[in-house]
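Please go over the structures that come below.
In what follows, subunit A forms one complex with subunit B and a second complex with subunit C.
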Partner chain A sequence: MESIFSGRYVGAPLRRIEDERLLKGRARFIDDISLSGMLHAVFVRSPYPHAIIKSVDVSDASRLRGVVAVLTYRDIAGSIKPWEFEVPSDPMYPLARDKVRYYGEPVAVVVAEDPYLAADAAELVSIEYEPLEPVVDPLEALEKGAPRIHERASSNAVYKKSYKCGSVEDAFSRAHVVVEDELSMERVYAAPMEPRGVVAHYDGEQLTVWSSTQTPFDLRDAILEKFSDPPSSVRVIQPDVGGAFGAKIPTYPEDLVVPLLAMKLGRPVKWYSSRREDFVATVHGRDVRARISLAATRDGKILGIRARILGDLGAYPSDYWLPDVAARILTGAYNIRNGFVEVLGVCTNKTPLGPYRGAGRPEGIFFIERMVDLLADELGMDPVELRLANMVRPEQMPYKNCFGFRYDSGDYPGTLRKAVDLFKVKDLSKWAREERGRGRLVGVGLAFYVEITSGGPFESAHVKLEPSGRVSIIVGSTPTGQGDATGFAQLAADILGTSIDKIEVSWGDTGLIGEGVGTFGSRTMAVGGGAVIKALEEIIKKARKEAAKMLRVGEEELEYRKGRFVARRSPDRIITLLDIAAATGGLEAKVHYDPGRPVYPFGAHLAIVEVEKDTGRVRVLGYKSLDDVGKAINPLLVEGQIVGGVVQGLGEVLYEQIVYSRDGALLTQSLSDYGVPTALDAPARVEVHLQETPTHHPHKVRGVGEIGAIAAPPAIARAIEEALKPLKIRVRKTPVKPEEIHRMLQQAGKEDDV
Partner chain B sequence: MSQAPGNGGEAITITVKVNGKTYTHTIPPRMLLVHYIREVLGLKGTHIGCDTSNCGACTVILNGKAVKSCTLFAFMADGGEILTIEGISEDGKLHPIQEAFWENHALQCGFCTPGFIMNLYEFLSKNKKPSEEEVRRAIEGNLCRCTGYVNIVRAAMAAAEKMG
Partner chain C sequence: MSSPYATLPEFEYARPSTLEEALKLLAKYGEEAKVLAGGVGLITFMLERLVSPRIVIDIKKIPELRRIEYTEGKGLVLGAAARISEITRYMDSNPRVREKYRALYEALSRIADLQIRNRATIGGNICEALPFMDSYAPLALFDAKLRIASVEGERETTITDFVKGPGFLDLAPNELLVSIELPDPPRESRSGFSKIVPAIEYSVASVAMLVANPVDPRSREVRIAVSAATPAPIRVREAEEVFRREGDIVDLLDAALDRMTSAIKELVIEDPYASAEYRLEMLKVQAYILFKRLLDSFLQERG
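For the complex of A and B:
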């Protein structure tokens, strides 16, 4: 087939086909769904992080006018099976059975004619608890005699694993220099602007569920598997989703309880989370800490790495694999051949941990990049030179890292050198030095990352070329605002040689496409786009057969170009795809695409910051990136992903933190307490550079969704460290809030005048 | 929900002009303006993203001023004039701010977008040649988690230019 890169759409920065309805206020987000006779559900949540439920009295709530039902675990016990996890732990019930394990765990649900009444009634549900001692700090959770969270687990450390390569003892004994540090990325919250919500409707046969989710297929399967009396047919629809960032991957208790209510009550039911509720009821991210040692020679060759990675999984270990990813990506872009890493996943009385943009890679990359900077400072070496001296070289590709990840391709040192040029690192560093000399606290920080995309089993696509020339593409991918429909349409328009206006893309409906996987892990344009291409190829193959018949030539005689088949030896024999579609009543193909193995984007980011002396506030004055995203199908969207991710990473370094009190209450329950960045915090512009090293996907895409969130934290952390260079302050964790920097500045001010 | 009984005191009758049309409704006194707009009038382009007046997704124009409609009771708008995102494009033609958002990829999920646009609608009508810094200050009360704001500011500057 001809190259898909010769058309006019692929590679062009087109504005999005998704936007018009969003701009006019005509989108359909979860809370916009209204069905006739619809009831409203409000969940009653535990005010204790750890407690036995002694009794629940729903009588007052039930008596309130307008209340239709109040349910507790006992009312649904026979109807929904609990979650069982892969590591030792007690099951998680959709409504807590006899014990709650985190502040905000759902215990009862009230259903009423309107949401105001449901909220009134929820206040009247009276629950008697016997509080148990909570454990909030994962290190304390590891101590002997710490409160045990799961009776079935022998300790709170429910997940333990280690990885190694080479001989780490030998490496450390040979080393001239060993640097060691403790680092952490604190607990954060994805904070999509739309909280979660669910609507369900049962007509006696089919159960239709709308959920603000990234994984409608998982939700459908969960309903079929967990309902003891499932309906004969289940359709899950993902409406427009107002941001997700990984936090809408899990299937949540409300995703099952609301549909069950609709079935039990025979009326549609809606639940739309308040923001406050979303803070406790939606997974948190990161919360991983590390102790790491690097062994190196005097001239900067890294000989070995030793680390212990500890993840705070919260109350239920649904996503125990997160610290594991952080551990396995820990060697970053570097060729380190001796290593040992121990991973621990620990349960505490907090909201369960789950994926958040990057899911393990931001943590691992933050750790290694901070360590490499530390080593550079220790050796008195230029951090860029140190990185170059240790990077995996292009001739080593594909390269299996120390802990088993197989990097597919790329020239890391070449990319870093190019970044140093493009970013004008030398000039910037000189400028920062001079400004510091004048008393300004400015700094420039650079980081290099490797990251993983294209995971998950496969993706599906169903493409139809109608006799009218219209093209319908239905995908198993489930984008939540990234703009992938536009990208898919660009691919299709070029391959079919048609106008993009003829193409319609649909997604997020198990009733439209039976099997699919979804949008997460930067896989949508890579794997989902791969599926669209495979389906288009299939259509062209079918069309070729028809064309051969219609033109009476052999199939191999036909050349396909931009929507037409031409007979090679008699170029006057031409037939268009459109003619074929018209003659055959349309052409269609349904495919699954399985890329078999992941791909690894990589690149360098640079931040320029200034610390305000009086307040400790950090301003990001400038930001630059060079990312190898493989083929950029639509550079406008690629840039959008990078910038959005960078500002999330900026928030993570400067402000955002989920804070619990020592007795386990969540203290950050509003967007301002929590610290989502505003327009005043974001850099004025981000200078984005792209590099396009091909991958094994048919369209050579590498993926881009999580890059910004992975690369920004170590780059900004280093820039802050540089700005505070006169004070010799190390940034060991995220966030470093203005008040902490202010304190450091004051302390240093006391010691000597800065 | 307007007819539901026991909804926090005696019902109130209000008259408001929304997007050029006059409506009279009897509503519970505790009903928030954002719920009135969404649930009673069915104008779902105005969104709810928080319960602490932080996000700005619910921003509409009330009597010429951009307000967060989740911070007002519906009865407080009695006798007033409201403009929502549904009311700013004339004959299906996008408003210059909407155009500029589209051209500059200033939206991703689009959940925050109506709030930003309504806020800028007031701001740009009063500030013909704003600086970038002024735009940033003006939209500080609107949160966007997807775009990183860079393109929103760019779109606002482009719209200011177009609107002259």
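For the complex of A and C:
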């Protein structure tokens, strides 16, 4: 097939075709769905982080007029199987059985004629608890005698694994310099604009479920698998989703209970979470700490790395693999051949941990980039030079890192050099030095990252070229605001040689396409796009057969270009795809695309910050990025993803922090206690540069969804340290709040006086 | 944990058009009634079931409560239901009034965002009674008089007597805050407001300051009021007194801030958003910066 890069759409910064409906208010989010006779569910949640449920009395609640049902574990025990996890732990029941393990765990559900009644009745459900001692600090959870969270696990450290390569002992014994530090990234909440919600309707045969999710196929499979008496047909629809950021990947208790209620009661049921509820009922992210040492020679060659990574998994270890990803990406862009990392996943009495934009990579990259900066300071070396001296070189690609990840391709040192030029790092650093000389605390920080995208197992696409020339594309990808439909349409329009407004993209409905995987892990344009291309290729292959028949030439005789077949030796024999579609009643293809190996985007980010001396407040004045995202199908979408990720990363370094009291209550339960960055906190402009190292995907895409959130924290952290020079201040954790900076400034001031 | 609500409980709704009617309703329902002004706070509290009034009395349609008037020599009168954005807009079109009550203007124009300022009222801000309410420090600074009414009659109080602590007002269930009167500030005075809002929505330390006649030791006056760092607003008179001493005003600042520290140290709030130490430090830092700013503005005027 001819190149897909010769058309007018691919590579163009088109505005999103999705936006018109959104801007005109025609979107349908979960709470916009209203079915006739619909009931409303409210979950009764545990006020204790750790307790035995002694008894539940629903009689007062049930008596309220308009209340249709009040259910507890006992009522659904025979109907839904609990979740069993891959690591030693007790099962998680959709409604807690005899024990609650986190503040906010659902214990009962009230269904009523209207949401007001349901809410009032929920107040009347009386549950007797016997409080158990909770543990919220993962280090305390590891101590002997700590309250045990899962009876089936021999300790709260439910996941343990280690990775190594080379000989660490040897590396450390040869080292001239060893730097060691403790670093952490705080527990955060994804805070999508739209909280979660579910609506379900059962007509006696088919169960239809709408959920604000990233994974409708998983949800359908979970219903089929976990319901002891599943309906004969299940259709899961993902309506418009107001942001997800990974937190809508898991299938949640409410995703199963609400459909079951609809089946049991024979009426549609809706549950829509409030913000307060979403804070406890939706997974939290990050919450990883590390102790790391780097061994190096005097002239800055990193010899080895030793680390212990501890992830706080919260009450249920559904996503125990998160700290594992942080551990395995821990050597970052550097060629470190001796390493040992131990990973621990620890359960505590908190909301379960789950994926959040970057899922393990932001943590690993924050750790290694912070350590490399520390080493540079220790050696008195320029951090850029130190990075260049240790980076994986292009001729080593593909490169298997110390802990088993296989980086596919890329020139890391070349990219860093290019970034230093593009960003004008020398000028900026000079400017910052001069400003500091005048008393302004400004600093410039740089970070380099590598990360993993386009994971499997596959993605699906179903493309139809109608006789009318309209093209319908149905994908298994499930975008939640990224604009992927526009990118898919660009690919299709160029490959089919047609106009983009002939193309319609649909997604998020298991009834439209039987199998699919979904949008997460920056996989959609790469893997979903790959599926779209594969389907289009298949259509062209079918068309070629038809064209050969119609033009009476051999298939190999035909050249396909921009929507038409031309016979090579008799160029007057031409037929368009449209003619073929019209003549054959349309062409269609259904495919699965297997992405094969993952690909690894990489790049450099730079932050310019100013610290207010008197208060410790930090302002990000400027931000620049150079990212190798492979081919940018639509640079405007790419830029949107980078800027959004950067602002989320900024929130993590400067503001965001889920806080539990020592006795296990969640203190940050509203957006007034939990600081999400707004446009006012963002730098006025993010200067985005793109670079393109091809990948094995047909359209050469690398993935872009998470890089901003991965690169911004270490870049901003370094910029803060630079702003506070010559004071030796270390940013060891996120967030670093004004108060902490202020305290560090005062301490450093005192030490100076001595 | 009570279930997290996205919905309001049931309640009755009344919208009196006179003060008298409103007071009668309050007298009749007492504890079971809640006054609704902008609703920015009340509706949230009801959503969260922190309050579940039987009747909600909407005071927005009472013309008397919407007043915004400045009279030379008497001062500024604000009806309790005057919206925050109406007050700042009034001041924008009367720059002289704005400059007289600059600290109030600076505080009000930085409450939340425009949408909230368009709904929230000055009375609601006062009666919400959380330590960080931005109206508090300026009202203390300008010796504001709060007029409180009930069917039994009227009384007058000050913001520091009225606000006792978080969620705690000197206000009986049958009483209504009617208006706020800010007497004319000293002639030739300058004032300003400053707050520290870390990651969260609200201030953890707010300061309002006023300086009058800085160069004349006999007639000069410095006023300092703080809020957000303490459970209720405080007019720090101990610190103000320092400026009555002999000497150059600039040289007295450190001593005044020391007095401020010792006067309020024991009262400063400590919570997950900010330590007491940081809050206290931020009160001092802001007082210092405000002081310099106000003095500079005098110098500029003369220079």
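One rule holds for everything that comes next: the second predicted complex is superposed on the first by the 745 of 754 C-alpha atoms of A that agree within 3 Å, B and C clash if a C-alpha of one lies under 4 Å from a C-alpha of the other, contacts with A are read in each partner's own complex, and residues count from 1 in each chain.
FYI, a contact is a pair of C-beta atoms (placed from the backbone, for glycine too) under 8 Å apart; a residue touches a chain by one contact, two chains touch by 3 or more.
Model, not experiment: these values are computed from the prediction.
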item	value
Which superposed partner A:646 touches (first subunit B, second subunit C, both, neither)	first
Touching partner for A:637 - first (subunit B), second (subunit C), both, neither	first
Partner chain in contact with A:671 - subunit B first, subunit C second, else both or neither	both
In the superposition, subunit B vs subunit C on subunit A residues touched	B
Which superposed partner A:116 touches (first subunit B, second subunit C, both, neither)	both
First (subunit B), second (subunit C), both or neither touched by A:276	both
First (subunit B), second (subunit C), both or neither touched by A:241	first
First, second, both or neither for A:385, with subunit B first and subunit C second	neither
Overlap of subunit C and subunit B interfaces on subunit A (superposed complexes)	114-116, 272, 274, 276, 671-672
Partner subunit A, residues of subunit B touching it in the complex	1, 4-8, 28, 30-31, 38-39, 42-52, 54-55, 57, 84-86, 89, 94, 98, 101-103, 105, 107-114, 117, 132, 135-137, 139-153
In the complex with subunit A, residue positions of subunit C that touch it	1-10, 47-49, 196, 198-202, 272-275, 278, 281-282, 285, 288-289
Subunit A residues touching subunit C - in the complex, by the definition given at the top	42-47, 103-104, 114-116, 119-120, 122-123, 272-274, 276-277, 280, 614-615, 617, 654-657, 659, 665, 667-668, 671-675, 735, 737-739, 742-743
Residue numbers on subunit A that touch subunit B, as the complex places them	15-16, 18-20, 22-29, 31-32, 34, 64-66, 113-117, 190-195, 240-243, 245, 272, 274-276, 480-483, 636-637, 639-640, 643-648, 670-672, 676-680, 682-686, 708
